[in-house]
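Take a look at these structures.
Heads up, the next two complexes both have chain A, just with different partners, chain B and then chain C.
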Partner chain A sequence: MRDTLSVARGVSWRVLHIFFTNKAFLLPSIAFPLFFFTAFVGGLSRIRQVPGFDFPTGYTAFQFVFVLLQSAAFAGVFTGFGIARDFETGFMRRLMLAAPNRSGILLGYTFSALVRWATVATVVTVVALLAQMKIGGDGVDLFGLYALALFLNVAGALWATGVAMRLRSQQAAPVMQMPVFLLLFFAPVYVPLNLLQGWIHGVASVNPITALLEAGRGFISGRPELTLAAFAIAAGLILGFAAWAVRGLRRAEAAG
Partner chain B sequence: MALAQTAALGKRAVVRTARQPANVVFPLIFPMLLLAVNAGGLRAETKLPGFPTTSFLAFALAVPFVQGALLATINANVEFARDIQTGFLNRLALTPVRGIVLLFGQLGGLITSAVVQAIFYLAVGLAFGVRLQSGIGGAAMLLLLETAIALAFASLGSWAALRTGSTEAVQGLFPVFFVFLFLSSMNIPRNLIEADWFRWVATVNPVSYLIEAVRALVITGWDWQTIGLGFGVAGALSIVGFALATHALWNRLERT
Partner chain C sequence: MDGPRENSIEAHGLVREFKKGPRAVDGIDLRVDPGEIYGFLGPNGAGKSTTVHMLTTLLPPTAGTATVAGYDVVKEGPQVRKAIGAALQEAALDPFLTGREHLRLQTTMHGITGEERSKRSDELLTRVGLTEAADRKVKGYSGGMKRRLDLALALVHRPRILFLDEPTTGLDVQSRTALWVEVGRLAKEEGVTVFLTTQYLEEADVLADRVGIIDHGRIVAEGTPEKLKADIACSTVEAVPATPDQRGAVASVLERFGEQTTGYGPGSVAVQLASANGNLAEIVRALDAEGVVLSQLQIHEPTLDDVFLAKTGRHLEGAGDEEEQDSEQDLEPARA
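What follows is the complex of A and B.
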């Protein structure tokens, strides 16, 4: 256990050091969620006037939840990019040779994803509050919202880690990114589920991210809904992708 | 002679793109995915009073044309930057090929790719029930407009490639262009944007006029003022980009 933790600490320190000292990594991670928040809230706020749109705390809060979850998922995915880069530079091979317990490598990358997202989430939250976002939920509700996003962050990191461990190339970036992008955007991003029509309604209804998004919006508006389902889905995603990441690690080990 | 050289270099640029499936498939599929997501998710927007059409797909079809030109620009200019990095441009400069031909050949190849993509987007739109209000002549005008838009982005992208000679720097343009795209009237007509600051940003953003010109041909018909503005903005960007690119080319050839 001590070996695992020491490896995890070393890996996460290195990843976070690179993240916080390199503007090329830090700025896009923060700028992109802010940019989506700005574009959606600023450009599409009139959507709240669409008949049937009755989100109580306004369009800013409605979109904030999406941007928060999106930033969580992508902070995880970006960690996968770093793993792929470490394979290409040969660092991962040296790390695997040196690490007394390689599970610590997974733990370290996952923890660093979490800290990365916490940084981004802080900035996004501050900006949303400056934009006079209304919050209907209490402290417990908000804790639920951020916990849900945290779960999604871990799931995203484990998914991308599994891909990076298997493909071991930065060319795998679209494979890590695209499914997450599609899952997020095939959910009710701009309007509630009941206002979606046609095929997108069908897709969104079976998309697991929809439950997370609706639960998150329930938390921020102070009318929690689908809470159990959302946490069960998030936990399921973590368990499934943890197995995926561990098997990926074993494959990387086997590949030498 | 110069024409033959330009054609040869243009052909090389097209063939090189065609030989990399990711560079062909991604610019075709990604804008279509974004179109599908937005057309499904934002269909409710058509219920807003004053929305110019009942089909959000028709409204949003303009976006892939601009986005496709942007993606073609990035891909082609990454290859251009690679030519600089690998020394191909220097070797070419030792031949009787005139400097300006290098630029025209590059731009010609890129525009060919963009127009092929535009035909694909148009075909997809028509297959899903969009009818051009400007008729068959409008389709031809659409391709002409796409050429102008591609030329505008391409000249700016070539400038970046020649100025930096770095593939990473050209790839770094993608987020910048993407920001311009999202902070435009891509998802909602400017007169329906509620937030004053966002309407102002969309109004000063040249990408809005490119999108609106394409959109006019799809949902309005022969709105010469909007179409003219689109061509005017594309022309102005092309002139600026081309002047910068030519200057960067001379500097680069001088250095070698």
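What follows is the complex of A and C.
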């Protein structure tokens, strides 16, 4: 266990050191969620006047939850890009050689994804508060919201790690990104589920991200709903993708 | 709980097959004793790096067994990695990190923190001569500096066994010599077992206590450099006629004493003597009897290239070039 933690500590230190000392990595990670937030909230704010839209804390809070979850998922996915780059440059070989316990490599990358997202989430939250976002939930509700996002971040990181470990190329980026993108945008992003119609309503109804989004919106409005289902789904995603990532690591080890 | 085990390396019938490719390693048996410097000599594509990758747990063998520091490379990978240090050709440095930051990463991964980390990093930076460049990003380092940093990184946790995969490829003479001195010191003073792959004859000759010559994934000769040369190769006599028109006459005389060989000066004639103790006096007398005037006459002691030539029918230099097209590293692993 001590070996695993030492390796995780080293790997995450490197990723975070590079992230925080290179504008080329730091700025886009913060800029993209902010762009989505301002674009959705600013450009689509009149959606709150649509009949049937009865979100109690307003459209800013409604969109904030989506942007928070999206930033969490993508902070995880971007970790996979870094792993793929490390395979291409040969740096992963150094990590594999230096790590007595290689599970620590997975843990290190996952922890770094979490810290990266925490940074982005802090900025997005501050901007949302400056934009006078209303919060209906109490401290426990908000803890639930951020915990849910954190779970999604870990699941995203493990998913992308598994892909990167299997394909070991930066060309795998679309494979990591696209399913997450589709899952996120086939959920009720702009309006509540009950206002969606046709095929998108059908897809959103079975999309597991919908439960996470609705639960998150329940937390911020102070009217928690689907809480248990959302956490169960998030935990399931983590468990499933953890197995996926570990098996990916074994395949990378076998491939040399 | 296991106690400390012997710092040896052992392999039995080690095989690595790649999908759509030949057997990169085809049944290697070897033993490296504690504190020994073992030179693994062979041309490009001979299977040197693949062997190192298997011994360092980077690549599982398709067949055979190997133990490093007393631990099985397949079943006890974590223990093997704790006991070894490795500087490999393909293990890159991170251009965004400085030399000191690389050491920080490596020490942290090995559980060395705090004051001990700083002390160890400073000590290693001094030892490899990178103290002044320690806080510069490695993207600005020369090839030699990168190799030296790589060696420092491999030594962070005081490994008992050190793997060096072509450590001096691309280095200038000064850097190469400095690295040889350091590797020799590690073995002699610290008792580190060194497994060194190289395609340079001189490197194997100067550094290695014992040499294994590998070709097409098999060890074709093994022993001390002196023994290999004494067993296999004979001295070569090289004569340079005073005038080019006497070249034919010189060749006909020398061919009485051995087989003509190439790879020497453009105007010279060289023969590898048929017996280990070729008699130079007899050769001089025969040349004199033919009235040949020489501008130069030299006797060359056998080299490891002669050993390679005797075992494979090819010279070591350039032997791997034709095999380079399908580098073993690019091949996909076959299902075991």
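Here is the rule we use: the second predicted complex is superposed on the first by the 256 of 256 C-alpha atoms of A that agree within 3 Å, B and C clash if a C-alpha of one lies under 4 Å from a C-alpha of the other, contacts with A are read in each partner's own complex, and residues count from 1 in each chain.
The definition used in the following text is that a contact is a pair of C-beta atoms (placed from the backbone, for glycine too) under 8 Å apart; a residue touches a chain by one contact, two chains touch by 3 or more.
Please read all numbers here as calculations on a predicted model, not as lab measurements.
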### Query
Which holds for A:R2: it touches chain B only (first), chain C only (second), both, or neither?
second
### Query
In the superposed arrangement, which partner chain does A:L158 touch: chain B (first), chain C (second), both, or neither?
neither
### Query
Can A:T89 be said to touch chain B (first), chain C (second), both, or neither?
second
### Query
Given the touch rule stated above, what does A:P51 touch, chain B (first), chain C (second), both, or neither?
first
### Query
Can A:V65 be said to touch chain B (first), chain C (second), both, or neither?
neither
### Message
Once chain A of both complexes is superposed, is A:G43 in touch with chain B (first), chain C (second), both, or neither?
### Response
first
### Query
Taking the superposition as given, does A:I200 touch the first partner, chain B, the second, chain C, both, or neither?
first
### Message
Contact-wise, after the overlay, does A:F186 reach chain B, chain C, both or neither (first, second, both, neither)?
### Response
first
### Message
If we count contacts the way the header does, which residues on chain A are in touch with chain C in the complex?
### Response
2-3, 6-7, 9-11, 13-14, 17-18, 21-22, 89-91, 93-101, 104, 253-256
#### Entry: Touching residues (chain side chain A, partner chain B) in the complex
28, 31-32, 35-36, 38-39, 41-47, 49-53, 174, 182, 185-186, 188-191, 195-201, 203
### Message
So in the complex, the part of chain B that touches chain A is made up of which residues?
### Response
22, 26, 33-34, 36-37, 40-45, 47-48, 175, 179, 182-183, 187-188, 192-195, 197-198, 201-202
### Task
Would you mind writing out the residues of chain C in touch with chain A in their complex?
53, 56-60, 78-79, 81-82, 86, 88, 90-94, 96-97, 101, 104-106, 108-111, 153, 332-333
